[in-house]
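Chains here go by letter, A, B and C, matching the order in which they are written, and residues are numbered from 1 within each.
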Amino acid sequence: MPGATAPVRLAEIVQALGGELVGDAALEIRRIASLEAADAHSISFLAQARLRALLDTTQAGCLIVRADLSEAAQARGAVIVTADPYLYYARLSRWWAERRRAAVKTGVHASAVIGEGVRLHPTASIGPQAVIDDGAFIGEGVIIGAHCHVGAAAVIGAHTRLAAHVVFAEACRIGERGMLQSGAVVGGDGFGFAPFEGRWEKIEQLGTVQIGDDVDIGANTCVDRGALDDTVLANGVKLDNLIQIAHNVRIGEHTAMAACVGVAGSARIGAHCLIGGAALIQGHIEIVDHVQVSAGSFVMHSLRQPGHYSGIFPIDTNANWEKNAATLRQLYTLRSRVRALEQQNKTP
Amino acid sequence: MPGATAPVRLAEIVQALGGELVGDAALEIRRIASLEAADAHSISFLAQARLRALLDTTQAGCLIVRADLSEAAQARGAVIVTADPYLYYARLSRWWAERRRAAVKTGVHASAVIGEGVRLHPTASIGPQAVIDDGAFIGEGVIIGAHCHVGAAAVIGAHTRLAAHVVFAEACRIGERGMLQSGAVVGGDGFGFAPFEGRWEKIEQLGTVQIGDDVDIGANTCVDRGALDDTVLANGVKLDNLIQIAHNVRIGEHTAMAACVGVAGSARIGAHCLIGGAALIQGHIEIVDHVQVSAGSFVMHSLRQPGHYSGIFPIDTNANWEKNAATLRQLYTLRSRVRALEQQNKTP
Amino acid sequence: MPGATAPVRLAEIVQALGGELVGDAALEIRRIASLEAADAHSISFLAQARLRALLDTTQAGCLIVRADLSEAAQARGAVIVTADPYLYYARLSRWWAERRRAAVKTGVHASAVIGEGVRLHPTASIGPQAVIDDGAFIGEGVIIGAHCHVGAAAVIGAHTRLAAHVVFAEACRIGERGMLQSGAVVGGDGFGFAPFEGRWEKIEQLGTVQIGDDVDIGANTCVDRGALDDTVLANGVKLDNLIQIAHNVRIGEHTAMAACVGVAGSARIGAHCLIGGAALIQGHIEIVDHVQVSAGSFVMHSLRQPGHYSGIFPIDTNANWEKNAATLRQLYTLRSRVRALEQQNKTP
């Protein structure tokens, strides 16, 4: 959401978020900005050594920096000194956004449809055209966007927010402080069919989705309900946009996945993993904690050791690729030819 | 949808679905469960030989098994004997879910918007905030979820169900007993542009989508309308989540696609094919019946023989991958070097 | 949208779109059709030499052709001669669709929810159940479909159309003559988190999405808002379905992307590029103008020269693939073995 909000004094920022302020505490800050786009009423941050050259050119009124850059930064304006400027920026961005969200109206929009037996906290906000089915639970400070659908007996924990157009289906549960982006579908049917005489007989999906606290789910991402048991996202899981989480998948705490990842049914992924964009994870396999998978890689088997894994066809000019791909199609033959040469050289 | 529903007696299950019951016909079943999660009021199934060890530990009140496991299973509780326990489970799950759906209210929710000339069967159910445009046809027993949009002159066949937030656009047609998950978009415009002086001129998409009976379409899956002719999904096609079906694609009967597959324009895919997750199918090619494509593979050319096809870069530790990828970039050169060695060895 | 509309005379078509008509100007045209599906009241086009054989069999009442095929085509019916039949067809399709859209009612549907301070052009059309938040701008001739959500202070330029179920979030802007398909989400939060003691701290996304004129965005495609600066799509960009555009990406004029592409954060893509389906573009890289990327390729580094690039594992029978993949896993070793052989052959 955009930066437009009431300006604040630097003193208010440091009072709320800590850090050592060097400079004019009364300076009025109107926006948070990148080093390149900042002006005299912007606060910016310098978190990477490679961007140090921008110290000389940025117009930011105040800079968030580490102690080692404090002196250089002071030469050009106000400074907030902190051990981790990127983390400080993260917290500043949230504090900034919270001030704006304070304006969200609590209560139920007149056009929303609320079922029977819904337990709705008085501080929750239900947007226009939202539909909350019978028996759902909507916790303290929850924000439900326009057109959201919360299914029967679903549970939305305190301070969780649903952007517009989220589907959170029947009997699924999410904990506190979650964030679901628009178009996310939690609790669609898993893809389950039994073959019979050349046809497919649908298996009804009778499980749910169980989601912990502090979980983010991206736009148009799908998390399917379990077949019999549940699909489970542990605390702190972060899913980007357009991700597929199939039925009965379990994802451990604080694992993050970039956009377009696909996880097939019953895969178990550990805690603190990093899954790169459009990576693909086979069904019924296990990935231990602290695994990193490069973008575009297909995890075909269990990964039982922590570490960094990749499987990507390197990009090249199309002409080179065609030559290499032609050889690749006969790679097995090439190995045989090398073996033959080795035999030849051995036998005098 | 969750397992919570009124309990049944084992006798009722066997009466409805057949199979040979050995044990207490009056046993009350409260849920269908996996072997691991089952309790004394659960019914479970054992379909794979490799799970046989679970016979000793499962707490299931009743087990669905093949005849060869009947005796072993009887030692520990009630048993339903059947030739195909997985199929029996599929049918049991549907029977179970049907009992729950009996509670869905027929008729039109007060907040839905129904256009002019809509032909609406009295047994159909139109959910809150749904919009049905002029001239649409809604068949017997159809269930339209919250916020669905059915376009003008669209046809929804008997007993087809749309979960919440489905878009089924103008003039498209689906047969009987279909199931569309949330966020599915049927009948968006195909991606058609004519190049003109470095720009793109849009080609309006004037075809429709024609879908047979018993077709399932997953959450956030897109099936585009044809440019002039139609996009066609035959009877029994099963599409998982986040799949892209471009304009003028034709998919044969009972073909199933796992999540994240992309099918480019005018591809023709046969009947009884299995397309693995995130596989990619080139436009304007043909795939015959009974083809299996591994997940993550790119079908660049027509496949004219039934069989199993793959094209996946194997995953490895990142360190190994980097070494192999470096060689791969010069694979053509490696082949030349082998050829040179062979020439050398030939000439004495 | 389907071809059903009032018929026209050939004379009207040529009057509107130009071209040289040879044949009966009074011929009544009821639909635009492919060569194969055309009948005596259809108009069709022949744009590719390889389809010339269809001249003998098509039943089209009128054919759009180049001058060199004019004589052959006249032998069988009416003809419109033009330099670029495919372009003519594109314009004809739009003219045809415009006539149908003339029937769209202007004004606000009774069930829509319009916020305070919305600037709404009297010729705009707001569909049923749409929600337009405070301060949004809706330009001349804009069409907003059913269930769309336009966020606070968002700007929709003249003649832009949103199909049903589009989310166009707070403070984002699109120019004139744009087209957004159903399920598209513009302005979801970018995926930004700062690591802190094994957890992720959310970075609020304070930028917007800025979209030029004549931009098309496909069904269920996501364009995230920037973290601090904006995400930018230049004039004429065309995005197919299920595409992910991460925060702070910039895409140049008239670049087109096929379905399922993923573009990671802060990537900069030039003008007039063609990105094939399911291609993946690394974050923070740069691609110059006039680059073509094959479908399924992963752009891992900047592409600084125009040209055509690929990186695809060739598909094969599964049996062959298994043999080649096994060798590929040891490709580095194979290169070492070749080097050893070369050394051996050198030393006598």
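Methods note: contacts are C-beta pairs under 8 Å (C-beta built on N, C-alpha and C of every residue); 3 or more make two chains touch, one makes a residue touch a chain.
Worth saying up front: this structure is predicted, and the values here are computed from it rather than measured.
Of all residue numbers seen at the subunit A-subunit B contact, under half occur in both copies; the interface is built from largely non-matching residues. Superposing subunit B on subunit C by their CA atoms means rotating through 120 degrees, a value rounded to the nearest 5. Averaging Cα coordinates per chain places subunit A and subunit B 26 Å apart. Residue positions of subunit B with contacts to 2 or more other chains are 111, 129, 147, 165, 183, 220, 242, 260, 278, 312-314, 316, 328, 331, 334, 338, 341, 345.
On the subunit C side of its complex with subunit B, the touching residues are 1-4, 31-34, 36-37, 84, 86-87, 89-91, 93-94, 96-97, 109, 111, 127-129, 145-147, 163-165, 179, 181-183, 214, 216, 218-220, 236, 238, 240-242, 254, 256, 258-260, 272, 277-278, 295-296, 312-319, 321-322, 325, 328-332, 334-335, 338, 341-342, 345. Residue ranges of subunit B in contact with subunit C, taken from their complex: 111, 113, 129, 131, 133, 147, 149, 151, 153, 165, 167, 169-171, 183, 185, 188-189, 191-194, 196, 198-208, 220, 222, 224-225, 228-229, 242, 244, 246, 260, 262, 264, 278, 280, 282, 292-294, 297-301, 307-314, 316, 320, 323-324, 326-328, 331, 334, 337-338, 341, 344-345.
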